[in-house]
Amino acid sequence: MNRLNNSIESLVESYKEHGVVNHSGAVNLPSRESVMAILADLDEILFPGFREEEDLNHDNLKMFTAERVNRLARKLILEVEKSVSFSTRNGSFSCGHGGCHAVARLIVDDFFETLPEIRRVLLTDVEAACRGDPAARSIEEVIVSYPGLDAITVHRVANFFWNRGVPLIPRMMSEIVHGRTGIDIHPGAAIGESFFIDHGTGVVIGGTAIIGKNVKIYQGVTLGALSVKKDEADKKRHPTIEDDVCIYSGATILGGETVIGRGCVIGGNVWITESVPPETMVFLKSPEQGIKSKSR
Amino acid sequence: MNRLNNSIESLVESYKEHGVVNHSGAVNLPSRESVMAILADLDEILFPGFREEEDLNHDNLKMFTAERVNRLARKLILEVEKSVSFSTRNGSFSCGHGGCHAVARLIVDDFFETLPEIRRVLLTDVEAACRGDPAARSIEEVIVSYPGLDAITVHRVANFFWNRGVPLIPRMMSEIVHGRTGIDIHPGAAIGESFFIDHGTGVVIGGTAIIGKNVKIYQGVTLGALSVKKDEADKKRHPTIEDDVCIYSGATILGGETVIGRGCVIGGNVWITESVPPETMVFLKSPEQGIKSKSR
Amino acid sequence: MNRLNNSIESLVESYKEHGVVNHSGAVNLPSRESVMAILADLDEILFPGFREEEDLNHDNLKMFTAERVNRLARKLILEVEKSVSFSTRNGSFSCGHGGCHAVARLIVDDFFETLPEIRRVLLTDVEAACRGDPAARSIEEVIVSYPGLDAITVHRVANFFWNRGVPLIPRMMSEIVHGRTGIDIHPGAAIGESFFIDHGTGVVIGGTAIIGKNVKIYQGVTLGALSVKKDEADKKRHPTIEDDVCIYSGATILGGETVIGRGCVIGGNVWITESVPPETMVFLKSPEQGIKSKSR
Amino acid sequence: MNRLNNSIESLVESYKEHGVVNHSGAVNLPSRESVMAILADLDEILFPGFREEEDLNHDNLKMFTAERVNRLARKLILEVEKSVSFSTRNGSFSCGHGGCHAVARLIVDDFFETLPEIRRVLLTDVEAACRGDPAARSIEEVIVSYPGLDAITVHRVANFFWNRGVPLIPRMMSEIVHGRTGIDIHPGAAIGESFFIDHGTGVVIGGTAIIGKNVKIYQGVTLGALSVKKDEADKKRHPTIEDDVCIYSGATILGGETVIGRGCVIGGNVWITESVPPETMVFLKSPEQGIKSKSR
Amino acid sequence: MNRLNNSIESLVESYKEHGVVNHSGAVNLPSRESVMAILADLDEILFPGFREEEDLNHDNLKMFTAERVNRLARKLILEVEKSVSFSTRNGSFSCGHGGCHAVARLIVDDFFETLPEIRRVLLTDVEAACRGDPAARSIEEVIVSYPGLDAITVHRVANFFWNRGVPLIPRMMSEIVHGRTGIDIHPGAAIGESFFIDHGTGVVIGGTAIIGKNVKIYQGVTLGALSVKKDEADKKRHPTIEDDVCIYSGATILGGETVIGRGCVIGGNVWITESVPPETMVFLKSPEQGIKSKSR
Amino acid sequence: MNRLNNSIESLVESYKEHGVVNHSGAVNLPSRESVMAILADLDEILFPGFREEEDLNHDNLKMFTAERVNRLARKLILEVEKSVSFSTRNGSFSCGHGGCHAVARLIVDDFFETLPEIRRVLLTDVEAACRGDPAARSIEEVIVSYPGLDAITVHRVANFFWNRGVPLIPRMMSEIVHGRTGIDIHPGAAIGESFFIDHGTGVVIGGTAIIGKNVKIYQGVTLGALSVKKDEADKKRHPTIEDDVCIYSGATILGGETVIGRGCVIGGNVWITESVPPETMVFLKSPEQGIKSKSR
């Protein structure tokens, strides 16, 4: 008992000393649990009838939607308000004299107005997955089981809030879906319609990457930066991928000025730091691999 | 309030317009939550006493087993029935005049009869992990903590349902365990006894791969396809790995006609698109790596 | 009903026959659920106010801390006692005549005395992430969303119990965080202050690796073994990384005698099995990559 | 195991034999859990901000209300549909050719239109409690803690559905609140504004009782029937209480033709089976009570 | 903090000093939560399909029953074992050399063999309620909403364990249902078929009461003892009620030798301490009640 | 949809109009759920080891206690602060310049210092129940199942807060336990040691009642007021019961100046509005009861 009591005292001291990893008493941050609940609610709004057990029909669909939209709006306003309030501390965000609650309300109203368009785009992603994976047997299979769709769904939402300057929440969203898919898309990335990531584990897409329409990416692909200097944080540091490009597993494409031209095919494990003209195939030449019999 | 109400109307409109990502009113699909609950129940049946907190003993083990088997059977019949009913829509499955409930019941009865055999095979996998990982200190450690065992356990179950032609559920199972281990095994893959995946993140095994007995695979290994054309979906597109093969991390083996012969050792990061004769070692020759002093 | 009843009988038989994957009636093992709950409690103690929704303030912080420390101590003693009792079966651990409960109590008391020091070190990790990732916008963002921080936090805790010889729990902890981050750090690895893993999916760090201060590692890096012979389990099989080293994505460094000297930069995808002198840059020479136009 | 299996068989047999207490396979009934959830939702709509922990404000109040009303409407339609479908079996209810879903929808729409009026009346009940109990210190205390208010709130809701001919649900509601307050009001009773029950345990109010405005009742009061013949079920069997009556604890008033006139005061424990003219006090004359010293 | 720490010390001291209300370290007792869960499970077995939301049908009814019976058996054995072990401490129960687990197992096996008979008797109670309450509109309404049925259902179960000498559990069961209905039946009471309690709040039935078939009781009826001397605890202290008796609300019948003969009708509020011959009506003569006009 | 939307608008209007039953936007009140959780925590502190399933022992008892006391203190301070803040609105409570948080902290610190004394007194209540009920077979049976003990336990806690002038919480506590026992004790009542209520349903004890030591009360007893005028709320309106009194079921004792002297026995159903000298027995003289044969 005594040793534990001493440890408790030491911990409380430690909270004072190293205040930075201790948020007690300051402005509240959005909690991971709240953001996870928000994503779950969103999923039910974006794919109604797919991810739940209750029966939907023409009649109750409207009531379900009204219930969910109102619940989600309420939660989102709360978390967005926390996030922008946090940002006003270091001056990176200003709420104006309407106050941060009004700003949060406005952003969330805008978000719901954008949701039908996000759904339309997600539909192109679903169709891209169906076309792009020989093993996909139905639209429904893609929606209920493809991690690539999970990742792009969350990204399209996170990207909305990133573009509106909301801090923390977009990164929390992208890390939540990173955790459950192994696909790490920075919320800043601009990604066109009909996007498909197959398998996906290990994919990394940087925050200033620009990706056109109808792009397909396999597991382990990195769209990264050449430089990781802190003072270049605001430059475009990640590549541009034009329409109709396919990038096979393990390929690494680096640099903010690197452009992969329309229609390119980037082979597995290639390493690219300079632009590639349209309609080009890049592939690893047979690497030198030794072979010997085990018996020797 | 008004803007939200308008957004609700737009969403409901959007559900009508892009009906395909909206399952309201149609046949129910198995839900992700149900399939996760099924896997959790299965785990308790396959490894009784390992993954729970209640005390098991000779006496209550029988009651526990009867309780769990009956509960799981009930849930499985429900979800399998939903899945096969869904499949009858596009003609890929026919329930006959007994109806889909009877078909589901039959498949589930068969499944439970197969479970003791699945347990026997899983035991060989556990032993393979123990033999194959110098760091493994006990059978128990493997069972309570190895993600490779989690992946192969779920695979052996998903594979049963895949082989019986049940749609959706096998893919949902494989993606659930993909999400928590980073190991992506298509439920169609045929995998022999004493299979061991170490670390595992990034492993991808295609649906027509055939893997023999006593095979060991490290993180980042891909057993993939050379072609991803939709019309080749039914061909054998993924490699065959014979008995006693070891494949080190990051290796990529592609193609349905590629056969890695018995006893081969495939080195880290190698790239293989053609068959390798038995008892062969394939390794990356020292790649050209530059070295320079930072001070210069 | 009859077929199910037969399957139940067969399963119960199977539990007798292949007793090894069935722990009924034997000493209890720590459950995965308990270890997850322990990690969640720890997180609230290490980063108070960050990961929850209740308001913390100067006053209730003390009560929160006392509550959590006492609850966690209680749970930890229980699970540690189970683990060490398990270990006494094969002689790999001896509890002395004080008994395993007293040993568990002692280890847990020591653990809480070490927690403030662990917090101090974690703070250096948070700062390293802030310095090392241009995209990081605040200390708070790192704490609420970086998977690399999640992994090193759990590792520093798991490593404490590993060093005290507690079986199972450290491996369970490392696999739990492996599951949610894709970062696989063996609890035996010795890792210095100011450690940062960016993106992280696919990172593997072996149990006898030694890592200095201020080291930065990207996704897909392996610090592995050259040999996986069971009888070398107790040797140093994984590399040593000295202070101020940066290792880019996909690099593989193998072998217990391999030392990466202070200040080195290891480029993406390189493959190293021998020591590298300090202040050296190692990089993949432009690999031979073919390029051709698709139209041809 | 064998004895249990036999018992299982016997139970399944028993379900067939005494089918009446077994609803398997027939039309579903509303479940007690659903009706409890409906009452909890209603409480949040009737007394917003009183019975929950989340902060309400001008802004989110609208969203909360829309969310709750839509959720409750959805649940109510489901349970009302089950109830009226059940009733059509014995011909006591007919759904017409719109079907029972449409009927349920209509009743629920009407219900929500009536809710503001129900709130208005409940407010008079709250004020009556404040006036009537010297110990009541505030409106808020009545709302958060008075069981009499709980009982009349549920009654006013149950009575709406009773009057619309919905079976089962009104009785389930009245028994749920009977269980938690000891106050048993049949949903058929017609009760005026400003009604107050103090303490309440043991109060019984029959289904054909009529109660005016501003009536106050104490614990243990029965407003019951003289006859309990099954064939008089449809007659008025319970008394009429006019405005401004006060009935003290333990009083029993029986009979459908018994009228307690406006302004009466009915003393504790009296027994009344005939009408009492207005403005009358009825009291128990000093009953013959013996007294003796214990020492004798 | 300091005052709280002192209070914690004082409480721990208090636990040592007044050990009797502190069960730490001794044999475990059945917990209230476990007994409540057991009653909920039982309810699903006794009235399948009535109190839950999942669909039952001919097929899954068997699996449901097997699942529930096995789960309930497991829980019951655990709690019964705790209870009889507790009883062996003061010698009031002996487990023999089979041990208390075997005794618990035997009692529970017997219990399940008795369940079909208990169901048969409960069916007579349901029918009695239907006959006895003019307001009852269907068998289903009685089962889903009548507290009197809840009370007699739990009593018939508690009485089984009471008769087998199991301590604590029967009393816990009767108090749980007392809490939710206001009906307090001691588990020792012997109650015949076709028993009906209407309204029920305040009913008290003592442990040595004997009640015949087809008895009907209203709210507030007491079947109690004349003497409450501790040394008469084992005598018959409560009345005998023969077949076909009806006892109206508030009646008090006391004494172990008091017999209410077959077919009697006992009026409201009467007070009986001596036997009443068969076919007799006892009623309160018009008590002296004063009446005066309020205006005077 | 339209009718529902209109109803939502009407409800929101209704919230504005009848603001009094709507607490949105004002000071928060303690929630019923929080107060229930507080009572559950308290129960675990007052009777450690009795009401839960985890094993307690000498070692973890201290940690359990510290955890619970700190958790409960935290919750209590929150709810007490809400309550006293609420009271400052109408001037019935003043927090001084330390503020309401400091006042709440002080009250809660005092409360925990009083808990060991409350435990000591509760022990006398447990012993009184054991002595007073011939059917009680052990101390443990009383603690796990007697509703009278539940009621007095909660009362002794509620009374502490009542005496400190905390509003709402004491009444909420007393109504919560009223709901589950049917025993309604106003938190203001002063009750001595060794108090026992048997059966209890329908007991009402007013807020200015004074009860000595070693008093025993049966079901349906009322200790009430003669007058219920609002302006006499602060007078002593309920009776005084001296030491060693026993009051049988259904007795009614009214009036603030009524004193039941030491050692009295008050018979069932008697009605008392004047004082009774010590050592007196009061009993209902055989009331006039009619008897007739049914056959006539």
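Letters A, B, C, D, E and F name the chains as they come in the text, with residue numbers starting at 1 for each one.
To be clear about the criterion, contacts are C-beta pairs under 8 Å (C-beta built on N, C-alpha and C of every residue); 3 or more make two chains touch, one makes a residue touch a chain.
If you're wondering where the values come from, they're calculated on a predicted model, not measured in any experiment.
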Greatest centre-to-centre gap (Cα means) from chain F is with chain B
Taking each chain's centre as the mean of its CA atoms, the one lying farthest from the centre of chain C is chain D
A student comparing D-E to B-E should find more C-beta pairs in contact for D-E
Here the gap between chain A and chain B, centre to centre from mean Cα coordinates and rounded to Å, is 25
Averaging C-alpha coordinates per chain, one finds the centres of chain C and chain E separated by a number of Å equal to 54
Chain D touches at least 2 other chains through residues 4, 62-63, 66, 70, 73, 180, 182, 201-202, 220, 250, 269, 284, 287
Seen from chain D, its contact residues with chain A in the complex are 59-60, 63-64, 66-68, 70-71, 73-74, 77, 101, 105
Per the touch rule, the chain B residues reaching chain C in their complex are 45-53, 55-58, 61-62, 65-66, 69-70, 73, 109, 112-113, 115-116, 119-120, 122-123, 126, 131-135, 137-141, 143-147, 180-182, 199, 201-202, 219-220, 249-250, 268-269, 284, 286-295
Counting only contacts in the complex, chain F reaches chain D at residues 3-4, 6-8, 10-15, 18, 20-26, 28-34, 86, 90, 92, 167-168, 171-172, 174-175, 178-180, 182, 184, 186, 188, 201-202, 204, 206-207, 220, 222, 224-225, 228-233, 237, 250, 252, 263-265, 267, 269-271, 276, 279-285, 287
